[in-house]
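Here is the structure we will look at, set down as C-alpha cells.
Per-chain residue numbering starts at 1, and chain names A, B, C, D and E are given in the order in which the chains are listed.
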Amino acid sequence: MGKLYDRLSQDYRIREGLKACISCGTCTAICPAAEFYRYNPKKIVSIVQSRDDDAILELLKSDVIWYCGECMSCVTRCPRKNAPGLVIVALRALSIELGYFVESEKGRQQLPLMHALQGNVLNYGYCVYPLTFAYEMHPEYGLVGKWQKEHIEDVYERLGAHLGQVGPGALRKIPQESLDELKAIFDITGATRWMEIVEEKSREKAAEMGLTMEEYEAQAFTKTSSCHLNPEN
Amino acid sequence: MIDFGYGLTPSSTLKIEDVRLPAFGELLRREPDAAKCIACGSCAASCSAGVFTEMNLRRVILSLQRGREKETLPLLRHCMLCGKCQLVCPRGVNTRHLILSIGKVYQLEEDKR
Amino acid sequence: MSQNVVVIGGGPAGIEASRKLRDLGYTPILIEKEPVLGGHLARWDRLFPDGVDASTFLDPMIADLDGIKYFTDTEVASINRLKDTWVVKLSNGLSAQVRAILLTTGFDLFKAEKKEEYGYGIYERVITNADLEAWFKSGAAPQFDDVKVIGFVHCVGSRDEKAGNRQCSKVCCVTAVKQACEIKEKFPDATVYCFYMDLRMFGRKYEDLYLKAQKEYGIRFVRGRVSEVSEDLDGHLFVKAEDTLFGKPMKLKADLLVLMSGMTPAASTQQLARMVNIQTGDDGFFLPKSLIVSPFTSSREGIFFAGAATGPKTLPETLSEASAAALAIDHYLKTLQR
Amino acid sequence: MKERILAAYDPFVLPFVFGMTFVLAYCLIALVKVLIQLNAADRRKFALSLITPTTIFKNIRDIFCDCLFHVKLWKRNKVLGYMHSSIAFGWFMIIVIGHIETILYIPERLHKMYYPIFFRYFMEEQNTTLQGSFFFFLMDFFLLVILSGIAIAIVKRFRSRIVGMRRTTKLTLTDRIGLYSLWAIFPLRWIAEGFTAGVAGGSFMTVPINWLLHNFMSKPENITVAWWLYSIALGTFLTVLPFTRYMHIPAEILLVPMRNAGLPVRHTRKGFSLAMLYSCPSCGVCIDACPMGVQKKNVKDATVYMVRNLKRRNRKRSLEIAEKCLMCGKCAALCQVQMDACGLRLAYRTSQERKQNRIPADFGYLNAVAPLPRTETEGKVLYYAGCMSSLTPVISRSVQQVLRHAGVEFELMDKDGSICCGRPLMLAGRQDEARALIEKNRKLIEESGARILLVSCAICYRIFKEHYDLIGVEVMHYTEYFNRLLQEGRLKVKNSHQTLVYHDPCDLGRGCGIYDAPRTALRAVGQLVPALKEREESICCGGSVGSLTLRYEDREPITRGALDNLTANNPEQIVTACPLCLKTFGRYATVPVADFAQILAENLDND
Amino acid sequence: MIYQGKQKIWSEYQKEIPTDHWFYVRSCIRQTFFPASEKMFLEILRNRLGKDVYETPSHTTCGGIAYHSEAIPQETVMTIIARQFALMTEAGYENYVCSCITSFGLYTEVMEDWREFPELEAKIRENLWKATKREFKTPKYLAHASDLVYKFRNEIAEQAKFRLVNRETGRPLRVVEHIGCHYAKMFPSKGVGGAEYPYVLAGMVESWGGEVVDYPERRHCCGFGFRQYLVKANRGYSLSNTHKKFESMEPFKPDMIITNCPGCPYFLDRWQYVIAEQTGKTYGENGYGIPVFTYEEVAGLVLGYDPWDLGLQTHQVAVEPLLDKMGVPYKPEDKYKGLNGKRLQRPEFPMNIKCC
C-alpha cells in the first residue's frame, strides 16, 4: 500500500472513478485511443487498483497515461460504475504535480499545451481564441480557414461576433476585472503553481536533453515516435 | 497530396470475422489439444524460459486463435521444451507437441523472406 | 379434513413442494399467475448439462397433482395476519386461512432491452436465451439467411451494477455453453463465439460440457464483456468487446447474437414482501433467516421459501429446496399442534 | 561313398540355385549399400574394428551366441530359445556337414553350390564306410532337431500363449510365404531323403520312413518329384527371404560386427540403421515389452511395426510411431538383435525437426545468466535440481536435508530458475538446440569449480552422462552419491522396516545402468520388496517426456499398469528416483509414493 | 432496425426542461468557429419564440478544454465554474444553459461531485470567496443549448419555410446525427434520449422532416480528444477516429450531418478535407463530401435565414449541394462577402474535395 496510491486515493476522481474493476474490458472495447495507440485503459485501472507503487510510478513516467482523449465513452459502459477516464485524469494530475510528466514524450507536451491554454484563459478569458489560433500550426483549418484568418474582422463581424468589443456577444472583450478574478482563481487553486512546476521541470528536462526551451517546446508540439502505435501495424 | 505533419493511424482492433484461420485448423488437426486451453496461465507461470524471457504459451495460443501470431511466434524461440507446462496444465494439454506442431504449421515472419 | 397450505408460484419449486406437502398429508393450494403451471421451465427446451428434454421432468410433475388445489391465472390480492393464521385472498375471489405460506415466486428473466447498448428489441438479429429456447422448442426458427457467425453474450443484466443487478445469475454460463453447442448443431458451418467474463462451471459435468464445447464443437471463447452492438445496412451486427486475455479491442461481425439474460427478482417479490412484512435483500430477492442453515425459512412465523425466490438457483437446487421446505413446513405445523 | 548321378546335375536343383544366387546377390548389394551409406568416419571405425583382435573374437562369439544359439532368448524363454536355436543351429550344421561330406568324398564338386545341399541325391552309400553312416547319422540327427523346432514353431504360430508370448507380430504376405516354405523345407527334405534312403542309404530318420511308406517310396519316378519339391521349397524360401523377416538371418551377421564397432544411429534407414532394419526378426518381443501395449490401440506402435514401416518407406506411420514412443528403452533392452529402437525413432524425429521446424530456437537470453559463485573447495558439490524438481520441491528440500546431515558442502545451481538440461529438446529431435543448452550449462558448471555435480533427476542425469563431457567434474545421480555417503559412513540412517518397492526410472536404469545403488541404499532404511518386473524390465511410469504425441488421457492406463506392477507384493511405499515418475505416479497411486531422497531424509539418524 | 424499440428507450429518458428565463453562457470553440450559430440560437429563442435569455459580458470560459488538457487542476476549473454560477445567481437566474458540450458535461459532473462530496463544494465556495468575494447557488436546471432547441423543435417546425426533405424526390433527407461525447455518456439520464440512442438531435431532425440514419459507429467520438488535437504531434488520433466514423457511415449515403458539440462539426468538416487531400477519398456525392452542420445552422436553414448569414461559407465542405436538395435559395456571389457587402477574395480551391 504505497504512497503514490495514497495520494491518488485522495483525488475525488479516483474516489468517483475507481470502485472495483472486474477487468471485463468494456472500456477498452470502445476506447478510441485503444484502437490507435498502444493503449488499454483496463490495464491502467488494474495497475492503480493493484496499489503497486512501483507500477504506478512507471505509469506516471510513461506515455501511456497521455493517450486518452477524455471522451469518457468508457464511463457509459462500465458495469461497476467505474470511470477509467477519470482515473487517467487523476494520474495525469499527479504526474504533473510530481514532475514525472517530463519523462515521456507525450507528457512533455504539457509545456506547449499549458502555454497556449493558460495563456488564452488568462489573457482573453477563453480557452480558444481566433487571434491565437495560427493557421501554420493548424493546416487542417483548411483553405477556408486560411481565408477566414485573412479576413478575420470582416468575417466575424458579418457572422455577428463581437471580436474584441465591449459588451455581451461572441468573442467579446472580457472586462479586465473578470480576467483579474480568473488570475486570482488561478493563484488560489493551483493553476499558477502547475504552470510553475511545468516550466521548471521542462527547463530541467530541456537542459538534460541539450535543447533550448524553444527547441524543446517545438519538439514537444510536433514530434511523435512510432513507439506509440501498435506494433502489428 | 499535402503533408499535414500527421496522418491516418491504422487500427489495432481485432476484426475477428476477417481472420481466416486455415493455419490454426491445420494445427488443430496435428494437435487437437490446442482447442482445450482455458487460458488459466499455469503454463506461463511455471515456464522455465519465462524466468528469463517474455515466453508465455497462453498468449501464443491465444494469438494463434486470433490470427495475430506475428507478435507472439518469436516467443516460442525461447522454449526449452522442458515440459513443465505439460505437467501443470489443468486440461492436460500436450504442450510440448503443441509447440513442436506450431513450429511445423507456422513460420516466423523474418524467415519467410 | 387435512390442513391447507398456500403455495404461491406454480413453477417447479411450487409444484414439487405442493406434491411433497400432499404426500405429507396436507392440502396445498397452489397459486399461479400464468395460465399454465411450470414457470420458466415450461418454456425451456432442453436442460444442461446432459441436454435432457425439460418436459421429461415437468410433464410427470404436472400429471401428478391429485390432492392439490391449484389455480392458474390467479394472483394474490392480499395476505393478512389473523391471530396465528394467515388469511390469503386471491384475485379470483376465493380466500384461504392457513398457518403456513410457501413463497415459490421464482425469478423474472432480466429484460434484455434494458441493456440498451446491446439493442435487444431494436436489432432484429439480437435475441435472448429465452427466445432461443422458444425457437428450439417450437422448431420455428426466425428467418435469418446466412447464419455464419453467432455470438453469445454472457452476463446480460448479471454482475452489472448499472443494470441494477450485481449478482451472478449462476446458470447463464452453462446455459450459454449448452445453447452454443445446440446452435452449432443447427448451423454446423457457423462459427460460434461466447463472450464471457468468467466461466462459472460450478456444477457436476458442467466443466465436461465446456470441454466438449471447445473440443468437439469448436466453440470459441472470448474473455471480454460486450461493450456495444450496432447494426449494419443489411441488419448484420457489429459486436464490440475487448479480448481481455489478448488486451486488444475486438470487433465481430455477427449474423446472430444471443443475450444471456440473467435472473432478477420476480416482479411480485416486493409486493408480497410488504403483504407479509418480510425483508428483501439489496439484490431484491427474499431474505431468508440464514442463507446457510435455513435458506427456506423467513423471519416471520409460517412464511417459507423455496427456489429462486431467494436468489438464482439451478433446477436441481430448486427441487431439493422445495422438498426441504415441505419438510420444514410439516415440522413447523406439527410443532404448533403440540 | 560314390557318385550315384555321374552328371552331377539334375534339373530339380534349379529352383535352389536360382534362390541361392538371388539371395547372395541381394545380400551383396545390400552390404555394399550399407557400407556406402556409412559416413567416412564410421566406415573407417568399422574397418578398424574388423581387424582388431578383441573385436574379432567378440564378433565371432556374438555371432555364434546370438545368431546360432540364441543365448539371449534362452535366458528369457527356454522353449523359444530351443525353437530358434534348434532351427538355426541344426540347419547350420546340416549345411556344414553337407560341405564336409563334399570335401571328404568328392572335393571336385565343391564348386557346385547345390552339391553339398543335395548331397544325398547325388551320392550313394556303399555301406562299407563307417564314416558314411556316421555322417548319415549326424544328418538325420540334426534333421530331427530342426523338425522338433519346426513343430514348436507351428504350435507357437497358432497358440502363442503356450510358449509364453502374449502377442506376436501380424505377418505380411511375404512373411507367410517365407514361413510356410521354411516349415516345408525340412519335412520335404525328410521325405526326399527318405526316397533316396532306399537306393542311396540313410539313417534313423530317413530309413524308417522309407520302410513305412515303402509302397509309395519304392517307385523311382517319385524320387525326382520329392527332390523337386524340396528344391522348390528351398528356392522359394531363399527368393522371398530378402523380403521377409528371415532377412535377419544374413543381416545379423553384418549387424553384430557393426554394433561391436560402436557405430551410432545417424539416420532412419541408411547405413547402420539399414543393417538394423534388416536384422529385425519380427519376433514381437517388443510388442509385449512396450508399456503402451496396455491399450490395444497402441499395439501397432511397437518397434517391430516401426521397423516394418521404415522398410516400406511408409513415412506417415513411421513418424506417428516415432513420435508416440515413450523412449523408455524397454523394447531395446529385451530385443534379440539389440535393435536401437530409441535411436531409430530419435533419428526420425531429428530429421523431421531439421526439415520442418520453421521457428528456430533462440537461446541468446542465456548469455545474460550470471555465472555461479566460484568455489575452490576440493570436493565441493554442485546440486542441479532441474526443471521438473521445481514442481516437486520435496525432492530438492530432501536432498539438501540429506546433504546437510552428511556435512557435505554444497551449492545450488538453479535456485533462480533452471536452464533445462537439454534432454527434452534432444528427445524432441532438436539436437542442435539441445547443444546450446548443454554448452551453457557445461560452462556454468565447469566455471563454478565444483568437483561433483549432483543430479536428482534421472532425465537430466542421463544427458549429463552421455553428452556433457564435463572436464574435472564427476556427475553423480543422488542415488549413487547418497549410497556412497552411506557406505563411507558419512550418512547415518535408521531402518524403519517399512516395506518399500523401488521403481527404476527408465533413464536411470535402462538409460544409465544404475540399478543397485538405490536398492542398496534403500535396504538401509527399509525392507525392499520386488516388483513383478524390475531392473531392465521395469515399466515406464507413463509420464515420460520421450513421447511427443501421447495424450494425457492415454498416459493414465500406462501409469496404472506400471503401478500394478509395482504393488504386486503389497509394499507400504513406492520409491522412485525421478521427479517426473514421482509426479506421474502421485496422480493415480493408492500406495504412497515418495522420492528416494525423501525416504532417506525421513530416516536420518540424528542421534 | 425496429423503430418502436428506440421510441421506448426515448420515452424513458425524458428530461425536464423549463420553458423560459435562462442564463446563457457561450462556448470558446463555437464562438471561434461557428459564431453565427450562437447568434442564431439567441435569435430563435429571443426573437422567434420571445424567451428571456440573459447573457452577461463578465462570463468567461468554463476552463473545460484547459482542464481536459491538464492545463489547469480540477480545483481551478471548479472555481471558475463556481464563478459562472455566481454570475447567474447575481443576475437572478436559476436556469443555466450553455452553448458548449464540454461545459455541459463538466457542469453536470461538478454538480454531481459536489452533491456526493459536500466538503468539496465547501472548499470551492471558500476558494471563490477568497479570489472574487462572490457567492453562488448551483443552478436549479442545467441545459445544453441543444436541449432548448429540441424543446422548441415543434414550434420551429411550425414556422419552417423549408424542410429536411429532398425537394425533387419528396423523400426525407438522410441525416446522421452526432452527439458530443460529454452530452450524455457520463450521465445518460442528463441527456434527452440517454446515451445509447440520444434523441436530442434525432427529435429535431424528425420534427423538421428528415430521417435519422443509424450507422454502426454513430456513438464513436469524433476524435477531438483535447490534447490529441491541440498538439500537432497527436493529431493522427483525431483524424483516424473521424476517418473511422466516415468509413462506417459511407454505405448509408447520408445527405448531411447534424451535431450539437462545439468541436465535432469543425472536425467532421475539416478532417474530410484532410482525408481527401491526403488519400484522395471523399465521402459524399460527386466528390463534394458530406456537409456538416450545427443544429442552429439547420434550424436557421429550416426557418429560412440566408445561409451566408448562418456562416455556412466558413465550412470547408461545400453546403450548396444540400441547399439545392432542400430548395434553399442562396446567392453564390454573396458567399464570400464581408461586412456591408464588401467583396472579399474567395478562398483557394482544394485539390481533391470539390468546393463551390
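As a convention for this text, a contact is a pair of C-beta atoms (placed from the backbone, for glycine too) under 8 Å apart; a residue touches a chain by one contact, two chains touch by 3 or more.
Everything numeric in this text was worked out from a predicted model, so none of it was measured.
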Chain D reached from chain C - shortest hop count over touching chains: 2
Where chain A and chain C overlap in contact partners, by chain label: B, E
Chain pair, B-C or B-D, that carries the greater number of C-beta contacts: B-D
Longest centre-to-centre distance from chain D, chain (CA-based): E
Most centrally placed chain - per-chain CA mean versus overall CA mean: B
Inter-chain centre distance, chain A versus chain E - centres from mean C-alpha coordinates, in Å: 22
Between chain A and chain B, centroid-to-centroid distance (C-alpha), Å: 37
Length of the line joining the C-alpha centres of chain B and chain E, rounded to whole Å: 46
Separation of mean Cα positions, chain E and chain D [Å, integer]: 87
Residues of chain A engaged with two or more neighbouring chains: 30, 34-37, 76, 140, 222, 224
Chain E, residues touching no fewer than two other chains: 195-196, 219, 232-237, 239-240, 244, 274
For chain C, residues contacting two or more additional chains: 117, 223, 228, 243, 248-250
Pairwise chain contacts under the document criterion: A-B, A-C, A-E, B-C, B-D, B-E, C-E
Chain D contact footprint on chain B (complex, rising order): 31, 33, 46, 48-49, 51-53, 73-74, 76-84, 87-88, 92-94, 96-97, 100, 102-104, 106-108, 111
Complex contacts: residues of chain E adjacent to chain B: 232-237, 239-240, 243-244, 274-275, 277-280, 351
Complex contact set, residues of chain C against chain E: 113, 116-117, 119-124, 228, 230-233, 235, 238
Touching residues (chain side chain B, partner chain A) in the complex: 2, 4-6, 9-13, 68, 70-71
Residues of chain A touching chain B in the complex: 34-38, 139-140, 222, 224, 229-233
